[in-house]
Structure formats: structure tokens, C-alpha cells
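All chains are identified by letter, namely A, B, C, D, E and F, in their written order; residue positions are counted from 1 within each chain.
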Amino acid sequence: MKEFKREDGRKVDELRPVVIKVGVIEQADGSALVSMGKTTAIAAVYGPRSMHPKHKQVSDRAVLQTFYLMAPFSTNERVRPGPSRRSQEISKVTREALEPAVFLDEFPKTGIDVFIDIIQADAGTRTAGINAASVALADAGIPMRDLVAAVAAGRIEEHFVLDLGGKEEEVTKCDIPVAYMPRKKQITLLQMDGDLSPEETKEVIKTAIKGCEILYEKQKQALREKWVR
Amino acid sequence: MIIQKQFISGLASRKMRIDKRGQDEFRDITIETGVIAKAEGSARVKIGKTEVIAGVKMGVGTPFPDRPDEGVLMIGAEFSPIASPDFEKGPPAEDAIELARVVDRGIRESGAIDMKKLCIKEKEKTWMVFVDIHILNHAGNLIDAAGLASIAALLTAKMPEYDEEAGTVSYEKKHKKLPMKFKPVPITVFKMSDSLFLDPNLEEEDVTSVSLTVTTKDDGNIVALQKGGSQSLSLEEIEKAFELSLKKGAEIRKLLEKHI
Amino acid sequence: MKEFKREDGRKVDELRPVVIKVGVIEQADGSALVSMGKTTAIAAVYGPRSMHPKHKQVSDRAVLQTFYLMAPFSTNERVRPGPSRRSQEISKVTREALEPAVFLDEFPKTGIDVFIDIIQADAGTRTAGINAASVALADAGIPMRDLVAAVAAGRIEEHFVLDLGGKEEEVTKCDIPVAYMPRKKQITLLQMDGDLSPEETKEVIKTAIKGCEILYEKQKQALREKWVR
Amino acid sequence: MIIQKQFISGLASRKMRIDKRGQDEFRDITIETGVIAKAEGSARVKIGKTEVIAGVKMGVGTPFPDRPDEGVLMIGAEFSPIASPDFEKGPPAEDAIELARVVDRGIRESGAIDMKKLCIKEKEKTWMVFVDIHILNHAGNLIDAAGLASIAALLTAKMPEYDEEAGTVSYEKKHKKLPMKFKPVPITVFKMSDSLFLDPNLEEEDVTSVSLTVTTKDDGNIVALQKGGSQSLSLEEIEKAFELSLKKGAEIRKLLEKHI
Amino acid sequence: MKEFKREDGRKVDELRPVVIKVGVIEQADGSALVSMGKTTAIAAVYGPRSMHPKHKQVSDRAVLQTFYLMAPFSTNERVRPGPSRRSQEISKVTREALEPAVFLDEFPKTGIDVFIDIIQADAGTRTAGINAASVALADAGIPMRDLVAAVAAGRIEEHFVLDLGGKEEEVTKCDIPVAYMPRKKQITLLQMDGDLSPEETKEVIKTAIKGCEILYEKQKQALREKWVR
Amino acid sequence: MIIQKQFISGLASRKMRIDKRGQDEFRDITIETGVIAKAEGSARVKIGKTEVIAGVKMGVGTPFPDRPDEGVLMIGAEFSPIASPDFEKGPPAEDAIELARVVDRGIRESGAIDMKKLCIKEKEKTWMVFVDIHILNHAGNLIDAAGLASIAALLTAKMPEYDEEAGTVSYEKKHKKLPMKFKPVPITVFKMSDSLFLDPNLEEEDVTSVSLTVTTKDDGNIVALQKGGSQSLSLEEIEKAFELSLKKGAEIRKLLEKHI
């Protein structure tokens, strides 16, 4: 497995260069920027605040809403502004990836809104978005069971490959984004496109989990740096 | 409602269900194909009281620039307000979109359709295959029903004829089957009170906060995964879900084979 | 008139094969499936229930809302999902075809919603939908002055022809869908596309009314069977 | 308002009207054509206080595949919020759609336009005729006013020129009339207190619960029917409505002829 | 400057033929039609009335809403019905051109709606619309600081040209629509497309202001005629 | 909030500002270009806490019929809800549309881009230039920030290659710059307590009821004007605004030149 060369020279279990910045949107209650290689997501958290639209208010907990959006200039082919079926699905799974981590019942009747803008896209936008959102929630002071870290893994030739880049996404036999709460050892996002045996699928998931554990440390480090400053 | 929820949860903690089914037991499944005269292919699937129709329509269009020699597949779902009192306030777009996309990925990623055989003229003309999923009665486990109806409709579809001279499609003559290679089947595993179950009815779905849809194909490979719901899963639960889905997927695939 | 042969061998005043099933949608308060030849409509009634949207609530009667929808796979050319101008007009005339039959003032401030899905279309979808909706309203236990039966008639060559089929719709000199309350002898839907003298127009309407009377018996029979079961 | 409604109903039961008109008497009708400089054809119709403008615009497009040698006709209506305080909450889409479709059917089914003469090149290029109906003041009987304005605008329209070389339409030069064959006129009969009347004003429309629009053409044939409203009609009432519409349609057609 | 001939024979500082009619929409609380050459705008005012949508209600003043719309048949190329980006921008600047003139604080919590339909378009539709709206507001009896008069000016060759016509709009070096309250000597609308030195720009604005002063007299005249009648 | 508003107004009447800036003094401006890898050109502009990204994307399309030998320019703006708590209830479409149109007019009317050089084949194929403005943090003076980011992105953009054979655009190879001729810069002058100021922060915008955006180009000509807000301006104030904008525009243009 040692001799397999990835296009950008990474090892099979190596993440792309990761940048995490906390507090990048002054107006927001919490915010973060996460870059993984050439993919960059910015997340802003507004809330807990009075729920909008009102009829979605819930009496015994906060409602978490997530909005995933790609900037028109983030990809080679310009993205038409406005929600697509893809972005609506990602908004949903992103929300479900974050919900297990947030103590929603501490803020009854309120809304917590998480906005995720992808300003550069080169594979792994949903996982970059979840990483940014998780840090932004913490930055907003929302009580959480754990941070959520996320990354995709795949299988190229016979290798289990972590954090697929743009070109790797085209050749992988599968693309499995995973979001994970490392302290709880719980998976909060799991999707897959591909064609793989159950055993191999498990290996890919494990590869992704290892990546999540590394990202988790970087998330904590970034938060610590902001708090200490 | 709260009392019923607690009752169902209580049973689940003892691995029991209100309708006495086993953990991995489906409600009765019926598959009927060829139910819509004007559709190229169609199937009505009932799982218990849940009822779904999938219809396949075909037309001729332009291939996508990045796949100039392939057919085009479009899978959509409408949650008709006919199907549930909850659909009153407009269809739940998010759930319908997710359902269609999960079914789509299972069919697309498995290579169920030999897309290259659908191209008529590279870069210019190709068959477009539309699968539309219509929910008639929502009584739980919609993804499994929709996925099964969709593949059944595709497997029994007959292609219309394309008159290249006139540039028109004749829906009167339909002979050839679609070039199908695999039969992907999605099985959704859901968790109640720390145990895993299959095929929730509506009441069970109400107390479920996490599920995993595993789509497997004929050779036992997994072709799509989708975790749903606001809770989390452990790796062990995921492995267990793979086993359950694989086993039940194979069973349902056999059922499906009787109809093609 | 005896020698005229219709494409499917029917007599000029003969309906296509009719199937009426009551109670086909378990979740609904009332429902019915009506097939007329290769046209199949399913109607579901929800209500009386609290009115949605609320600002449409009326203080002294129920508001009847109707939603006509064609399944994308119901016709040769796939139907784009979502409302069209045609479907919105049909929803309106369908509502106005049913309203005269329903005792709306018995349920003030509520809404009664009738959803009609056309799952197979081969001419006469609006009348099939009205037949299904009328039976579904009765199945829901909504008090009615009378059942509403509906069918179209036309004129081919010199013949007055009942219940036009898909190909007949293309050659008829006119297409007149009629909805009728037989006990009250009242017409609740009347539309026409065509070009015909007033006298002939009347004859076509009378032809349709005779068809409605036959359908009416079948509707009552179907309801009786469900109630007796 | 309730008292006024009862008063109007009471009068109607004695076949009388608040403005003293006879049962089959219209308010004053005025027709002006050529009122919009940039439109190929246009007409402003006033019936009492009701005021409608119809404008005809033309362009070149592709024929419909099932009518490869014909022109394309599109009739649309907007209920501008200018026209009524009731249009505040967004235009009443349902009524506007029905109005446009009823006017459309009258013109289309009567063969008022010789559509074959609008085709420029079979399957490829044809004239497209857009009739847009703009309601300026809503004081009752919109369908009759809109139908009359539409046919008046079409009858007086002048076609722009199409430069096949450049593939452009020149709106500067307009000479030829549209190939018109008939003058369909919709007349709406409405029922108050068991009697039939023509041309309701706004107050009368408020107490009306059923109406029948009958569109007749030059030879006295009926080309479109549309029952409106939440009540029903007997066959006898329908026959009576035919008579009323036929007679008044012929009268209005004469009025129309003065403008072409 | 004397020898420059405009396409329609006007002098450089001459308006197109102006028609102002007050009270043209019977249903409205106030209305006016303004034609400037072949451009015709109709404005109707409804209000003060209860605010719709309600959440836009303001406690200490009326909310002025403006809706600018082009009839599909108003131009050579048919206009697609429904709002465009252009019409939304014009609605906004029209509202901001009228607001300075209206005593909004006299009608707290209400809405004043101004609907402007362009039924003929041949340059200068936004200024014709403002002229019509201003008269319609006065016709509705809404108290105003002053009437608002509006017209565009431009520069063709070395001439400062008032009230550009359709063809002039294509050749002008700039197009500057101005709305003005003559008694207050205040500018309430100012936009510009073009490329001109600041000094020249000022001259064009002054040209437009002179035109506004002429229009102002015609507006008052039209209102007087209606009131005297 | 009301007290703060009165405080800011009170200061303004003495020509003073809460952050001690002079009347014509901007907050710190930073311009970074090439910040988005996949965009043909991009720039992040910060003015104080206000932060905007503009990205240029290019594609190949059909020229507009009335400009058959020119490129196509489309400028759009989205007020991402990320940027302000006020954007919660859906983006403020009206403000976003106006912003994009004002920036668009400045670039278009100044002839900043030599549009004729973007045409690939007359009437058939031309480069389309999309400038998308993305607001990241809204702390006042969005138009100036957006206009500056847009022209900086255009000035530093590199065109992709068009393969005429294949009819595809290659985004891998980008060499040539866009044919840029001018650097239009919008400066917004706003009025508080009868005095004119530049570059309002969010608190100042709240007490402002009228503003004038003046876009000037390299030669000092004015290429676009836009009055905003619900109050009015005198001719003298407009003249004063021209001066302020011209001077500041020249300054910022110099800043811009360092980045190209």
C-alpha cells in the first residue's frame, strides 16, 4: 500500500491541508471558516433567537435549521443561485449530522440557524461545511455534547483513501462522507455513492473515522486559540 | 399520542412490536407491474398499508456534455397530498427530494441500467428515462417501497420507438426491454429503544429518531447508504444494519424476480 | 345511426368499461378510484378539518378546496410535475361541480379538501375525477344533496357520441363535459370546446346527461357494496 | 353590504335591476381600437365602468410538433392590482387563468384565425400570436369585456415583417392584416333569484352564484361554453341562456363590425 | 444650438406632448393617466388602508408600497408578465421618489399602495409613472408636501436634450431621469446611465429640472380641472 | 437603539462621527485578489468590518440579437444570510437587486470591458462574463465594497480556453487577461443631519435617509448615479457629492492599481 501515489502526493490516510479559523463573521453569534485543500466553507450561526417562521416553533426545544449554499463562482461551471435539489438534500443531512451534538432542549421555542456558504468547491463540500458549522456552533456558545468532525473516504484501486480531492472523486469506486462525534464514538452522517462489498464499505468508513479524529483535534485547537486570544 | 409513543418504545426495548412482527419482519409485500397503460413501465408496490406507484416514461433528448455517449436518467418523487393528512400544507419537499435522490443513487451507482446502450447518437440524441414515484398512501417505510417500485417499473419497461427521419417518438409500438443489468433494493434499518428493526409502520416511524438505508445489489455489494434522522449510530449498529439489509434485500430481490 | 362503428366497438351511447372502488386510500377520510376505459382517477377527501390556510376560513360554512393533479407518467408525453394553467382551471371547475351537492353550511369554519390524482389519462380525466371525488365525499360521510356524476359527450360525423375515448377526442366536432345531479336534474359542470349549432349542442348535452344517469347508478352501487360489506 | 345584497336579490325576483336595466340589457359598450402604439393590434373595451385593454403582439418561433404547419396562439390575462381593491393580496390567479382560457377557447375553436396561413416554414418557423388581456377597472362581467377586446384587437391587428435573411422581425413596417375568418363573441348569462340576466355589474356579481358563458360565432354556432359559480343550472335554463347569448352576440358582433 | 433638429422636430428643451388625466380608474381611491409622447402610464392609489402583508405594518407611520409593471403589449418585444429585476428596481426608486412628498406619519399602521401600469412604452416609463403616481396620490386626497414631477434628460452631440424619445435614448451619451419637488427645490429621484464629465452631468440635471417645472404646472392644472368640475 | 440614533445624529450635526472619522474618511480598505481557486477572477474587499467577495466566471454562449458581435455581461448579487441577522427572513431581494444593477451600470456604461473583443463568432458564439457578488459580512456601505470587489475581480481575471472543435471550455488553462479598458469605482455619499459623509458603518446607515452613489471612471467622468433612500437632495448637495466621489474615487483607483 506504500507505493500508491495520490495525485497531490498525499499518503492514503492523509488529509488535505486543513485551515480552521474561528470567528470570521463579525455579525454572527458564532462563525468559522474551514478549508480542506481547495474546498472552503464558511459557517455562521445566528441564535438561539425567536423562531422564524413562527409556525415551526417547538415548545420544548430549539429548532435547528441549516442552509447549505454554493457561491456561484465556487466551481468550474458557474452554479445558478438559489436552492437546488442537491443543496436541499445536503441541508437536510447536515442538519441531521449536527442535531445529535446540540443540547436543543436547553432553548425551548427558539431557533438556531446555521448558514453554510461554500465559496470554493473541490470535493468534500458537505463535510467541510459540517466541520465549519460544528465549530461555529461552539463559537456561538451553544452547549454541545461533542464537536462533530466530518470527512469523506473512498477506495481507489485497492486502497482505502482518506479525504478525496476533486479528481479522486471522479475515479473512486465509492464516496462515503462520514460525520463523527469522537468522544461519543457516534456516527451522525453516513452517505455513500458507489459499489463495494460490505466489508470494504466498513473499511472505508473506518478510514473516514480516523480522519474525523484528526480533524477533531484541529477543531479543538482552533477554538482554543480563539478563546485564549 | 404520547402514551402510544411510550407504549411502542417500551415494547421495542423488549424487541417487540405493536403488530407482533419480528425485528426483521416486513409487513405483507405485493408487487404489481404494468399497472399504468400509458407508462413505458410501471409498478404498484404495497408494503402493509403503504402504497406507491412508480412509472417510467421515456423521451429523446440531448446527452449531458460530460457523458456524451450515455442515456439520461431522472428520478423524481411527489408526495401527493392524497396520501396523508400531514401533506395538507404542501408536500414535504425535503423528504420527497431525499427519497428520490436515495432511490436515484441506488439505481445509478449499481449500474442497474446499461446507460451506454441508451445513446442514439453520440453528443446529439439519447434516450431519457424518467422514473416518477407517486405516493398513494403513506403508512411508513416510504423509501423501501419507492425503491422497490422503481426498480420493478424499470425491469418491466418496454421502450417506445424512435423515428429518426421524423424526429418523433412513437408510443404505440413498444417492444424492446430496457437494458437492465442489476436489481438494487434499498432496505431501511431503523432504531427504537436501542434495537434495530426493519419496515416501520407510521406509528413506529414516529418514535424513531435514526435510520440507515442500505441499498444492495444482486452480488451483495452495497451501492448506496443514507443515514436519516436526528440521532446517531455506532459503527457496530451500522455493521448490524448491513447484515439485516443484505439478507432482506436478497429475499425481496427473489420476490421481484417473479415479476419480470 | 345503427351502422356507425366506434373505434373500440362501443355503441354511440355506451360508456367505456367503468370501475368504481370505494375506500382505496387508508389514510383519507373518504376515497374512491374511478376508471373509465384507460382513464383512472383517484380521489381522497380530508375533512371537515381546521381550515388551511387559515385566512381562507369562512364563518358560516365549510370551504371546499379541490386539487386536480396529473401523475407525470399518466400520458404519452410525460407531464411536468406541479400545477399548470390547465390543471388550475380544472381544479376550479371541479370544485364548482361539487359545491352544489355538498351541505357546506353544516361545518362552519372548517375546510374540506378533495385531492384528485389522475394516474392514467386517456380522455375524460376531469369527469373521471369528479366521479371519484363525488363518491369519495360520500365515503367520507359528508352530507350531500345528491351524488354528482360526470361524463363528456361529443359529435362524430352525424352521431351524438357518449364518453369520448382518447382517439375520438381528436376527431369529435365538439367535446362537452357535463356533471349532473340526477335526482335534482341539475347540471353542475358544463364546458365545451367545439363548433356546433345550438340545437346540436343541446343534443350532445342530453347525451351526456343520459351517461351521467348510468354512472350515477354505478356510483350508488359501489357505495352500497362498501357500506354493506 | 348584506342589506344591499338582499335588495338586489329582491329586485331580481321581480326581474328588476338596481340600475333599471332590462334582463338582457347591457350597460353602455364602447370599443376603441389601435389604442396602443407598439402593439400589433389593440382594443380598449368599456362596458359601463368595466374597462379592459387587449393587446396583440407577434413574434417568430417554432411550431408545435403536433401542428407543424400552423401558427401558435397564446392568450393570457393579468388582473392588474390597479383594477380593484380586492386584487391587493396578489392577483386572483384562478379567475385570471379561467378568463384567459375561456377567451382562448372561443377564438381557437371557432377557427377565428386561419392558423395555417401563419406558418412561415413547416416544422421550423411560424408566427406566434400573443393576446394579452389587461384589466384596468373591474366593475363586473370581465369575461365578456375581455373576449370582445381580444377579438377586436385581433381583427384590427397588422402583422410586422419578417426578414428571413437576418432572422429578425421588423416592427417598423406593419401592413398586412391577420388572416381572420370569424368573430366569436362570449356572452355570459347569470342567474339571480331564479331569473337569468346579462352583463352583471359588480354588485350583481356579488349575489350571483351561477353563470354560463356562451361564445357564439358569425353563423350562430356555439364554439365554447363555461359554467361558473358554485350553484347549478337546469337544462331549460341552459337552453334559455343559449337564446340570450345568441341574440346579444349577434348584436355585439354588429357593433364590432363598425370598428374593422 | 438652434440648428440641431430632433427626430420629432422638438426643440432641445421641449417636452413631448403631455396628457394628464385625473381619476381614470373608478375603483381606485385616486388615479391618473400620464402620456408623454407614446409612453403612457396609469397609476392607481389604494389607501390608506389596513396594511398587507401585516408584518410590514409600522406603528408610527403609513407604509408606502409601489408596484411598477409593464403590460406585455407595451413594447416591440413582448414583455413576459411578472416582476423582473428591472421592474423591481424601478418599483424601489419610484417609492423613494414619492416618499419625500407624502406625509406618511399622518396614517400610522396603514398601507398606501401605488400601482403603476405602463401600457405604452417609448422611453421614460419610470418618469411617466412617477408623474402619474404623484397626481394619483393627490387625487386620493393623501396630504403631500409637494407634487413630484419627473422627466429624463440627456446629451446628444453637444446638446442638452430634454425628455428623450425612444430613438434618442439609443444615441444619447447619457440618460438621467430626475424627479423633483419644484416648490421645495428638492430632487427625489436621480439615476444615470452614461459617460459624462461632472459639469456636463450637472447641466443635464438642470435641463431635467426645467422640464419638471413645466410638468409640475401641467399636473396642477389637471388636478384643478378635476376638482373644479 | 433610539438613544444611539439620536447620539449619532447629534454628532453628525457637528460634522462628527462615533468612530472619530472625518466626513470623507473611509474605514480601512483591504483588497485581496485571486482568493477563489475555481473562479476566473476574484477579489475579497474589506471596508472596516464589511466584507464582500466578487467572483468572475466565464462560459460560452450566444450573443444577444441586438448586440451580435459583443460579449455578454451578467452581474448578480446574493445577500447571503451568513452576513447579517437581518437577512434571516430571506434575503432582501430589493436591495440585492439594486446593488447588482448599480454595480452593473457602472461597469457597463464606463465601457470597462471591451465587449467586442469577447465575441468568438458573430451572432453565434461569444464569451459570457458572470460577476457574482457575495456579501460575507454586512457592516455598512455595501455598494462601494461590492463595486470595488467586482472591478478588482475583473481586472485580475484570466480567461479559460475555448476549444472550438469540441465546443467545450477548458478551465485548466487560463492565460489571457480580460480586455479591460477602465476602472469604474462607485462612491456613495450619504447625508446625516444635513451634512454629507462617506462610507457609513451600519449604525450610521440606520440614521441615514438619503444617499447618492456616484460611479466615476479613470478620466474623471461620471458613468452612473443612483439616489437611494426615502428623503431628497438639493442640487447643491448633488454637486458636493460629485466632488467627494470624484476625489475619493481617484484615491481608491490608485489603491486598486496596486493589485493588478
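Everything below uses one rule, namely that a contact is a pair of C-beta atoms (placed from the backbone, for glycine too) under 8 Å apart; a residue touches a chain by one contact, two chains touch by 3 or more.
Because the structure is predicted, anything quoted here is derived from the model rather than measured.
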- Supply the minimal count of touching-chain steps required to go from chain A to chain D. 3
- Note on the structure: The remaining chains, chain C excluded, cluster as one piece
- Message: Let me spell it out: compute each chain's centre from its C-alpha atoms, then which one is farthest from chain E's centre?
- Response: B
- Query: In terms of CA centroid distance, which chain is the most far removed from chain A?
  - Reply: D
- Find the geometric centre of each of chain B and chain F from their Cα atoms only, then give the gap between the two centres in Å, rounded to an integer. 48
- Note on the structure: Chain-centre distance (mean CA atoms) for chain A and chain E, in whole Å, is 51
- Please report how many Å separate the Cα centroid of chain E from that of chain F, as a whole number. 27
- Task: Mind checking the centre-to-centre distance between chain A and chain F? Centres are C-alpha means, answer in whole Å.
- Result: 32
- Note on the structure: Listed round the ring from chain D, going first to chain E, the chains are D, E, F, A, B, C
- Task: Going by the contact rule at the top, pick out the chain C residues touching chain B in the complex.
- Result: 25-28, 31, 38, 42-44, 46, 49, 52, 67, 69, 71-78, 81, 113, 115, 117, 119-122
- Per the touch rule above, chain F residues touching chain A in the complex are 36-39, 42, 49, 53, 55-57, 59, 76, 78, 80-85, 88-89, 130, 132, 134, 136-139, 171
- Contacting residues of chain A [partner chain B, same complex]: 85-86, 88-89, 91-93, 95-96, 99-100, 176, 181, 184-198, 201-202, 205-206, 209
- Query: Which part of chain F faces chain E closely enough to touch in the complex?
  - Reply: 93-94, 97-98, 100-101, 105, 108-111, 212, 217, 220-235, 238-239, 242-243, 246
